[in-house]
Amino acid sequence: MTPNGTATAERAVARPVLADLDLPAGKRVRLHRMLYEHGVGNGTLLILPIDQGIEHGPIDFLPNPPSADPEYQWRLAVEGGYNAIACHWGMARRYMKKYAGKVPLLLKINGKTNIPSDDEALSSPTATVADAVALGADAVGYTLYVGSPRQDEDFRRLMRVRDDCEKYGMPLVVWSYPRGAAIEEKGGRDSLYAVDYAARLAHEFGADIIKLNVPKKGDKDSLMPEKYQELEWDYEEGARRVVATAGNSMVLFSGGSKVSDEDLMHKARTVMEQGATGLIFGRNMWQRPYEEALDMTARIKEMLQRFPS
Amino acid sequence: MTPNGTATAERAVARPVLADLDLPAGKRVRLHRMLYEHGVGNGTLLILPIDQGIEHGPIDFLPNPPSADPEYQWRLAVEGGYNAIACHWGMARRYMKKYAGKVPLLLKINGKTNIPSDDEALSSPTATVADAVALGADAVGYTLYVGSPRQDEDFRRLMRVRDDCEKYGMPLVVWSYPRGAAIEEKGGRDSLYAVDYAARLAHEFGADIIKLNVPKKGDKDSLMPEKYQELEWDYEEGARRVVATAGNSMVLFSGGSKVSDEDLMHKARTVMEQGATGLIFGRNMWQRPYEEALDMTARIKEMLQRFPS
Amino acid sequence: MTPNGTATAERAVARPVLADLDLPAGKRVRLHRMLYEHGVGNGTLLILPIDQGIEHGPIDFLPNPPSADPEYQWRLAVEGGYNAIACHWGMARRYMKKYAGKVPLLLKINGKTNIPSDDEALSSPTATVADAVALGADAVGYTLYVGSPRQDEDFRRLMRVRDDCEKYGMPLVVWSYPRGAAIEEKGGRDSLYAVDYAARLAHEFGADIIKLNVPKKGDKDSLMPEKYQELEWDYEEGARRVVATAGNSMVLFSGGSKVSDEDLMHKARTVMEQGATGLIFGRNMWQRPYEEALDMTARIKEMLQRFPS
Amino acid sequence: MTPNGTATAERAVARPVLADLDLPAGKRVRLHRMLYEHGVGNGTLLILPIDQGIEHGPIDFLPNPPSADPEYQWRLAVEGGYNAIACHWGMARRYMKKYAGKVPLLLKINGKTNIPSDDEALSSPTATVADAVALGADAVGYTLYVGSPRQDEDFRRLMRVRDDCEKYGMPLVVWSYPRGAAIEEKGGRDSLYAVDYAARLAHEFGADIIKLNVPKKGDKDSLMPEKYQELEWDYEEGARRVVATAGNSMVLFSGGSKVSDEDLMHKARTVMEQGATGLIFGRNMWQRPYEEALDMTARIKEMLQRFPS
Amino acid sequence: MTPNGTATAERAVARPVLADLDLPAGKRVRLHRMLYEHGVGNGTLLILPIDQGIEHGPIDFLPNPPSADPEYQWRLAVEGGYNAIACHWGMARRYMKKYAGKVPLLLKINGKTNIPSDDEALSSPTATVADAVALGADAVGYTLYVGSPRQDEDFRRLMRVRDDCEKYGMPLVVWSYPRGAAIEEKGGRDSLYAVDYAARLAHEFGADIIKLNVPKKGDKDSLMPEKYQELEWDYEEGARRVVATAGNSMVLFSGGSKVSDEDLMHKARTVMEQGATGLIFGRNMWQRPYEEALDMTARIKEMLQRFPS
């Protein structure tokens, strides 16, 4: 499963398997639905996120104006056969009727605009776990800003969400993002140090699934703690390391801003080879005409068939 | 419905129709009352707001002293046949007796004075959704300051109000206003970027109705994100774009400070043509002698008859 | 009732009459007790406030040392036949026994010392509405600092107090005071702009009675919004205007720091002529020997007999 | 009782007598136990405080190392026959077994370290009134920082503590301390202005007993409000004034840092002559060998016999 | 037990014995399990902490990559026969199944990343005492940052945790760490002044067990209060002093960053001789190959057999 292991790969990576995990029944039911009854159905995940309207504003829809209509993503999630659509309450409550039950809902329960500075980033509630239950959701998504000066509020909120998830048997997906002035002074949000820390923190909170960005080398790497500067690593190893750090939490990698199709396919395949459980691709999907989005979805899903668990 | 569509009009606009929306029974009942049993009765809205006493202070009454007496607006709302009067608790609780049931109440449940700086704007509670239920209101109004550094408190409050609205079947009207130091550095509160973001954010929170200002070109446009600077648009297209961005939430446009009657009629007609569901005109109505206000109300309502849904 | 109406008097003033107001039974009972069963008994109010021990400290007692003993004010309120005594919990709970029921209690439920700066003024809770009920009080008093940067906390607290008052049928008296750095930059706390805004804000919160200072001309008037600078007004008109702005909320004017007896009588008579419901005089009463205080009380009450409602 | 009355002594001082006070039964029972069943038993109070471990840290134990062991103070309180021992939860819960019932417990329920700056002093909860009930305490102690910029939080907490005390019949002792940057700019924490204000504020909150420091003349006296600068006073008059300002709340004076035995005896006798109900002496007692502490305790108690009430 | 007592050792140290303490039944049961049914079983403690993933991030695992897998520490705790493993919720909930009941769980219920500055350190909740009960834990661990400017929030939280511990009979272990800008200006976090204060503060909160670092001499010692500068002390005396200051709370000393085996053994033996109840060694254990970690564990336990209680 890690055929390209580099010389610095010191840890064996095994994709977590649902049947091996010690989980409450409700989490087991819902995760089974997402992992084995939707998408490719082999234990991998392909998630369609449409929370950018809050995080970035409608600017993300300008390259493909039809994507501004929530119907676009709902149709794509159902017709493309995704494992889940990830969105906020308004988009679920006001558009689900036609699609209810045809694709699992991963209700994003916090968010923020990117208008004020990110120096003291904190994601703000848009819904509760109980709201997710009421909508028939199969998971909730919580953004944790690792290293932000407002981590105290973040921890308290995540703890309560985590407890509600335990109570309701609702799978918890943590968007684990290094963010804030302090992390920028220690290598930056995409550094290996930062993403590795993010993976561990979300895992320590008991996340069932952790969404990460693939670590990147950058011009602030010399600000990282020395031990991280000494590590030798490449794209594959970076992904593998943070997957391992996430322990028995499943890892989703994001796509980020739109890249070429070949780059996207390469990226997707590589992270799966390094132990990721799945992918969460938004702009790379819906910032293109609908039929092209369906095609690309099919290509990704074909690739995912090679990673059963 | 969009006869003046410009070259840059890329999206078709359809006014949301109550019967098509997936809503709890209570919201359906109350919205039906406002849309079809009051005002023109054809699915359009003409709302009389009298919350300026908090937002601006009694200064707004100086041009027409009798308007300082709450009886003025209550009489006007009833005799003019508005779809609703929008005001705070004190004005409702202490003046409604004579008018109870004769005009729907849209209870504004937060507000603030404009005395301190708006850099970190946050609207403060003046009533609860339960208070609105107790007053027999048909909707509540919540001001959201999009992009303010205090968005965290704003989101948390709106989420709770939204949940109460869902529980009580109370329609939620969001006054969605870009505000704060950060938005001023990115083009300003009336820029297309700002209003477009505001429309989406309120929609993502599940607002039934969104009150917006029509976007304007301004001397800070060069501070907007580049993609917004590249768009070609005029008044009609600006209105249409933000109506589209609001998805299946209905849009009300405000009148703002007083303009000439011809400008007001032109503005009102234009935004209706671009897909607005209605108008919320305060100072343009009550900053004039009572009989003139009644006349102008009648002219607006005559125009609205051309926009049934 | 407004015999001295000046040329700029544009609004007719009518003192609110209890029987005309739409109020819950408990408020009606308690207001009736204060307005018609105590004091002059003709619908006017003469209130004795003794909250200066918190607001200014015991410095206010230095001109008349016996006034430092709470018994002084309790005796004066009962023997002088005031409509109510206004004080905090400690003074009520520890001294009422002998006076219980002999004079209505207006329990002040927030306050602050004047030791730290007023730039971000916020009055802090000293008791709850339920405490007032337990003490057999006939009203509660809440200080609202209009225009303070901490208005958000103020609004939230006042809203909850207001709701408790509605629930328990407890009349709500709002001490509506412009305060904070922002209002000082817009003309100052005693400017017509500031007091007029304060009258409206308290009214919009549904106050039953509003305590105001009479607006004054000052050397910062040129900082007021232009429309207020253009107004022509004198003492009478200033009082009348803010009484009118308070709508059907009753208005109490305060006496402030001690003035000559003639000035005090003149001030009292004038504001009553302009539509005030009553007076709240503290230092002007108890900063003098007890017998003199009784005499002055009698003079004020004689004057109030001319303003029945 | 005030034989040394100076020319400026304008107020007669009468020590509050329990039987005359209007109190709930539980407070009466517990105060009776402290005042008449322990200590001298004549209505005076001698309290042993051992909260310095939080307020100053173990540095206070260095002059007399055995005093670092909580057993030292518990033994001294019981064997010396104090009216109460004042300490925090940990010292009570973990050491009381042997001493339970042999000396009343005055549970201190807030505190803070003196490590950060006092500019915005706020004392923090260490226990609740319900905890005090569970420990069989006869009173709770709350530190109020008069004039601190954080007075809002302080007031809110004290109000809730006060309400719990009323509910449970638990006597409330307020450590009323002027503190914070603002009071230092107005004469300082020990000035007559400051202590006088502190006495009044605690009294207005309904404190049963108020702990004060005796006011001192200092080099910042010229910063006090003018009226306080004009007063003529000495040590006796300072004590008498603040006792009078405390109304029918009983006053305890503290000993502060260690002084000579003669000074201590003189100080103790003097404040009792000026109307204090008792003394709260910590470091002056336990910063000496155990037997000496017992001796000094006996000397103080002998003196207290001269002040029955 | 203190054979190396120096000339400045003024206090006799006695290790607290469970049977002598006044504790609720549940605490007694759980402490008995940790002290006498696990580890050496003679009343000493050897705890394996694995909370560094939150406090420092995965950087601590780089010297020994297998230690990044939570299975490593769980196996070591069980096979090495520790008295307890200390970790956060996620590591307990997701990995305990195989190890449940084989080693006591000390659930760490707050934590923070070290990414932002420690100037205003505050540890944030990751779980509740009720969560610990649900996991069958035998103790909870709370980090208190002594001297931090945010001590108010810290105190409030610790008080509530302490009350829950009392209610559920859950032993409370306080990680008592001097931290924040203010303590750095008074000698630093490891100074005798700081650690001594920390020991007392945790004890005053009623901690059953207190985790301390051994005080160190440092180049900021001249910033300590004078009385601490005057003390003569060495490593032994430093340890003994803070153990004594902790009163009848048991003391655990930490190992800190990895040192040589001989230094570790020496340190461990010395602090036990000075009255510590046990050791909490993390990095010194798991930053080495598994078999070596087992060996060192055995060596430490052999030494602990000499300290029964």
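Note that the chains are named A, B, C, D and E in the order they appear, and that numbering of residues resets to 1 at the start of each chain.
Note that in this section a residue touches a chain if its C-beta (ideal position, glycine included) is under 8 Å from a C-beta of that chain, and two chains touch if they have at least 3 such contacts.
Owing to the predicted nature of the structure, the values given are computational and were not obtained by experimental measurement.
The chains that touch subunit B as well as subunit D are C. When the partners of subunit A are compared with those of subunit E, no chain appears in both lists. Because subunit C and subunit D share one sequence, their contact can be compared position by position; here under half of the interface residue numbers appear on both sides.
Work out the mean CA point of subunit A and of subunit B, and you get 36 Å between them.
Here the spacing of subunit A and subunit C, counted between their Cα centres, is 58 Å.
Counting partner chains per residue, subunit D shows two or more touched chains at no residue at all. The touching chains form a single ring; listed from subunit C in the subunit D direction they are C, D, E, A, B.
Contact residues on subunit A toward subunit E in their complex (touch as defined above): 10-11, 21-22, 146-149, 151-152, 154-156, 159, 162-163, 166, 178, 180, 182-183, 186, 193, 196-197, 199-201, 203-207, 225, 227-228, 231, 244-245, 247-249.
Contact residues of subunit B toward subunit C in the complex are 53-54, 57-59, 62, 65-66, 68-70, 88-91, 93-97, 110-113, 115-117, 122, 124-128, 131, 153.
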